[in-house]
Amino acid sequence: MALKTQELVLNMGPQHPSTHGVLRLELELEGEVVTKVIPHLGYLHRCFEKHTEAMTYPQVIPYTDRMDYLASMYNNFGYVVAVERLLGIEVPERVEYIRVIMGELQRIASHLVALGTYGLDIGAFTPFLYLFRDREHILNLFEITCGARLLYNYMWIGGLSHDIPSDFVRLTKEFISYFKPTITELNELLSYNKIFIERTANVGILPADTAISYGITGPNLRASGVQWDVRKDDTYSIYNRFDFEIPVGKGWFGTLGDCWDRYYVRVLEMEESLKILEQAIDQIPEGDVQSAIPKRIKPPVGTIYTRVENPRGELGYFIISDGSVNPFRIKVRAPSFVNLSVLNELCKGHLVADVVAILGSIDIVLGEIDR
Amino acid sequence: MREYLKNTWLGIWTVLVGMKITFKHLFIPAVTIQYPDVKVPLPERVRNRLYVNMDDCIGCDQCARACPVNCITIETVKGLPTDDLGITSNGKKKALWVTKFDIDFAKCCYCQLCVFPCPTECIYMTDIYEFSEFKRNDLHYNFSTLSTDEGEEKKLNWEKFQAEKEAQKAAAAKQKAEKPAPEKKESTDKSKSAGE
Amino acid sequence: MKNPAEIYDIIKSNFPDGIFELNTSLPVEPLIQVNPMKIHVVSEFLRDAEELKFDSLMNLSGVDDANGERISDENGNEIIKGGTLSVYYHLHSFRFNHKITLKVSAPRENPEVESVENIWKTADWHEREAFDLIGIKFINHPDLRRILMPYDWEDGSHPLRKDYQNPEFYQGMKVPY
Amino acid sequence: MFEFLSDLFGSQIIAAFISAALPLVFIVPFVIFAVWLERKVSAHMQDRLGPMRVGWHGWLQTIADFFKLLQKEDIVASDTDKKFFNVAPYIVFAGTYLVFAALPFSSAYIGTSLDIGLFYIIAVSGLVVIGILMAGWASNNKYSLYGAMRSAAQIVSYEIPTAIVILSIVMFTGTLSLSEISDNQTAYFWNWYIFGGPDWGLTKFLVLPFMIIGFLILYISTLAEVNRTPFDMPEAESELVAGYHTEYSGIKFSMFFLAEYGNMFAVSAIVSVIFFGGYQSPIGYLGDALAANWLIPFEQLFWFAAKGIFFVFVQMWLRWTLPRVRVDQLMTLCWKYLIPYSIVNLIIIGIITLI
């Protein structure tokens, strides 16, 4: 009698320690080898796009905070850049500098969570807490500036909600000098650990052409060797004034575009962000941060698609204005939403444990996927 | 074979390096605190529970319109000309009874959008963040200094006043049609007495 | 690097029969209007043409234009009859670093648009989202299911339409509870 | 011990019960201490404070948690295989407990002084697998099943390098009895087998590096046998939720916990007996110096516990430092690295023993 075999379907999530939120992955398995991954989304759908239809333009900003809650500052940034372009207003220099500083601090904070939780997915608990400790310093900086630690509503159309406090510059410099050695420590503790390399190198390889076809952006695309960064190549705000590199994956310990590359590109990106910060913090000009805020925000009829380099990739806002105070339609191109769609491609033929490693290396935030 | 030995060596060496780091951290003072006993001092701009200073509120409804989640409900009744509503701290005379000023903190998203448009700076964020409740309804705060009965009373007063005014107007119009000049003085006297 | 007018000329010379029109009157962004039944051919051309090479689809958004006639149905709810639903495609070329926006419009009553899923894989989930929220049917899409809303959400009910009515019940539960 | 008690009470049954219950007197306080230690070690390594409220620096926290677990609802899902589900935690614990019977806590106390102590321990510690498999299967949960299957593969594989290293020691010492091995390494730390054993001569220096290699292999493979990070495949939190004990709650869950920590001590004790002189003091006995012979067994108990706890601490230290290996790498490590190394080590030690 022949033994009957059957494919095993394993539901990972929505309640699972390492799906980074309420994501359900339906895994089809043969033994422990994955043959297919079907992601099921929508457990965190909060109707962002429907809500915006009833809001005025400034009222949308608190809602953008809640999409990618680990990079709220950058969501604000993208939205205000889009609306300012639609309105055709120039913002003061000081505002631009403060926005860049906040944006880069947010990028570091977001990458710290990404790297920390990635370590956690692989099973290393301690780096996670070290990185969260460092993230607290950034959140403190945000808190003294705008009073909130997670959902800032800081960048306004044409300006900022608050000017930076008097000791912000000093504290940021202190943070930069404090933070540099901790990157080295992270590398020694986690990045170059043999077990960690074994777990992540040669796993979940994403070739560049697949990445482009799937629209992967951000660190994930750069880890595949494509030197593309919206900050440099489709510049916005004042990013063209700063001197920084775009780190790309080189296949250090395995193949180009594997999980280790995706992880390490983020580490390098934090260093580049520090470079931008060091340049920007010395050059903040004086000025009023609210002088350019329009009294009544009523953009002309038109459409605009603007993208910014969110820590997770290319964050695009597509805004259609019908000339009223409420946006007609706002569609968000959330980087995590697009990046997640490649999961099935990456996971085929790997083990269940690798699914966790791959999912962690893509670095998704469910708030943004489901919006 | 070389690869094999290298792997073995790297496996042991990187583990030892990691162990060195964690061991070092055993003797570094902790960064966490014992929360309810020790509290972090909050910065000046901190955004927590809203507070409304009703002495200054003129009931202009701007905060409620700025709110993206509609958590502020304001109802106002016009004060009678004779009522003394007091003046705000920046010297404006108040004209409305704020019969209802409710903030639902279960809805509030602490975005601070309501704070900026306020002309008298009477709504602001405080540093109180420990206000959790067992029931959702308990998060519904009433800021109005008037009780519901008083509010009803003010409303009735206003309606009465309005009705009388209408009546007077009608009467005045009638009288005007009949004999215009001398009655005017009388009617203003009447409205005053009605107000009292 | 080519500007939208040049790109438009190239498309126009290659597809003389489609309904194309370049709209530059809108501020900020010029649009190229394309026939919804031709979009996949045009897209393939845009991706493969040597001088264009639009290898990346940045964004795909479904939009309810709400340009029809607003009437009341038997329950007194306002619904929209006629008009169009649109899909916007934002394309970008990594090689030449130029961008273009395409727009297709389909009639509201039968919103059918050719899928571009086999040209850019990004379109897969974006088209599912447009189907889910706006109700645009993408022909030849391999897996057109709802993506953000529950799979058992009422058929033909697409929340991002401007005349969307909240359901009273979901699975026997009153909404909002 | 059993003989002493049966003489004391005149009844073998009572003596058997008492001597069987004695390890429990050690295990329960040890687990309470070890859980607290684990929390504090992990907390301080991560710049945290850890439990601080119950007692001084939270030392009573484990007891508070134990009472909490006692009060918890004992959830048994409807589709579980009730009998096996209920009995599995106790089998796992029994497997651990049996090991304690052969551990020489001091020269005066050893549960049963077996001549084949090492053999017995290897045999008995395999019993844990049955319990884990039973738990995984009976839970009727895919994650539990995966955890259990991984665990079975892991423990069975890692018994091989363990056995080979122990074999090389047995060859070197010529005995299987744990108490005899301990006795051989009398006082002073240079007599420990990790430093080449008590006999002075060329052999001692020749064998020393291979003893260190043997120790590393034994330590790594026993670490895998007790399912601790980096080898905690069966309960790999980020993949399998909680592995074979996903479905357990309350007191049954605490049974697994008890078994895990008991096991940690057991393997640490074996390592210390084989390589680090077991209950022998590294610096001589106070009892000898004071001419108080009765003091010696207590000192020995202290040293035994101290060495065991030290190795338990190292296990914790590793756990809070390292990421987790993947299930196939776990097997690679065992079959491609540890076993070849241990066999070469065995051959070399064998040759050295001959000359």
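Should a chain be cited, it is by its letter among A, B, C and D, assigned in written order, with residues numbered from 1 in that chain.
Here is the rule we go by: a residue touches a chain if its C-beta (ideal position, glycine included) is under 8 Å from a C-beta of that chain, and two chains touch if they have at least 3 such contacts.
Note that the coordinates shown come from a computational prediction; the quantities given were computed from them, not determined experimentally.
> Report which interface contains more C-beta contacts, comparing B-D against A-C.
Looking at B-D and A-C side by side, A-C shows more C-beta contacts.
> State which chain is most central when centres are taken as means of Cα atoms.
Chain closest to the assembly's C-alpha mean: A.
> Any idea how many Å lie between the Cα centroids of chain B and chain D?
Taking the average C-alpha coordinate of chain B and of chain D, the gap between them is 62 Å.
> Suppose each chain is reduced to the average of its Cα coordinates; what separation in Å results between chain C and chain D?
Here chain C and chain D have centroids separated by 64 Å.
> Let me have the rounded angstrom distance from the C-alpha centre of chain A over to the C-alpha centre of chain C, please.
26
> Taking each chain's centre as the mean of its CA atoms, how far is chain A from chain B in angstrom?
That pair's centroid distance is 33 Å.
> Where in chain D do residues touch at least two different other chains?
Correct list: 45-48, 320-322.
> Two-or-more-chain contact residues of chain A, please, as numbers and ranges.
126, 130, 133, 189-190, 193, 195
> Two or more other chains touching the same residue: where does that happen in chain B?
7, 11, 15, 18, 21-22, 25, 31
> So that we know how the chains sit together, what is the shape of their touch graph: line, ring, star, complete or other?
other
> Which of the chains are touching one another, listed as pairs?
Going through each pair of chains, those in contact are A-B, A-C, A-D, B-D.
> Help me check something: in the complex, which residues belonging to chain C touch chain A?
Result: residues 26-29, 31, 55-59, 61-64, 88, 90, 94, 97, 101, 120-122, 124-126, 133, 146-150, 159-160, 162, 164 of chain C touch chain A.
> Per the contact definition, I'd like the list of chain A residues that touch chain B in the complex.
Residues 55, 58-63, 65-66, 126, 130, 133, 136, 143-148, 151, 153, 161-162, 165, 185, 188-190, 192-195 of chain A touch chain B in their complex.
> Residue numbers of chain D touching chain B in their complex, please.
Contact set of chain D toward chain B: 41, 43-49, 52-53, 216, 317-318, 320-322, 337, 341.
> So in the complex, which bits of chain A are touching chain D?
Touch residues, chain A against chain D: 8, 10, 16-18, 32, 119-126, 129-130, 133, 189-190, 193, 195-196, 198-199, 351-356.
> Per the contact definition, I'd like the list of chain D residues that touch chain A in the complex.
42, 45-48, 142-143, 146, 229-230, 232, 236-241, 320-329
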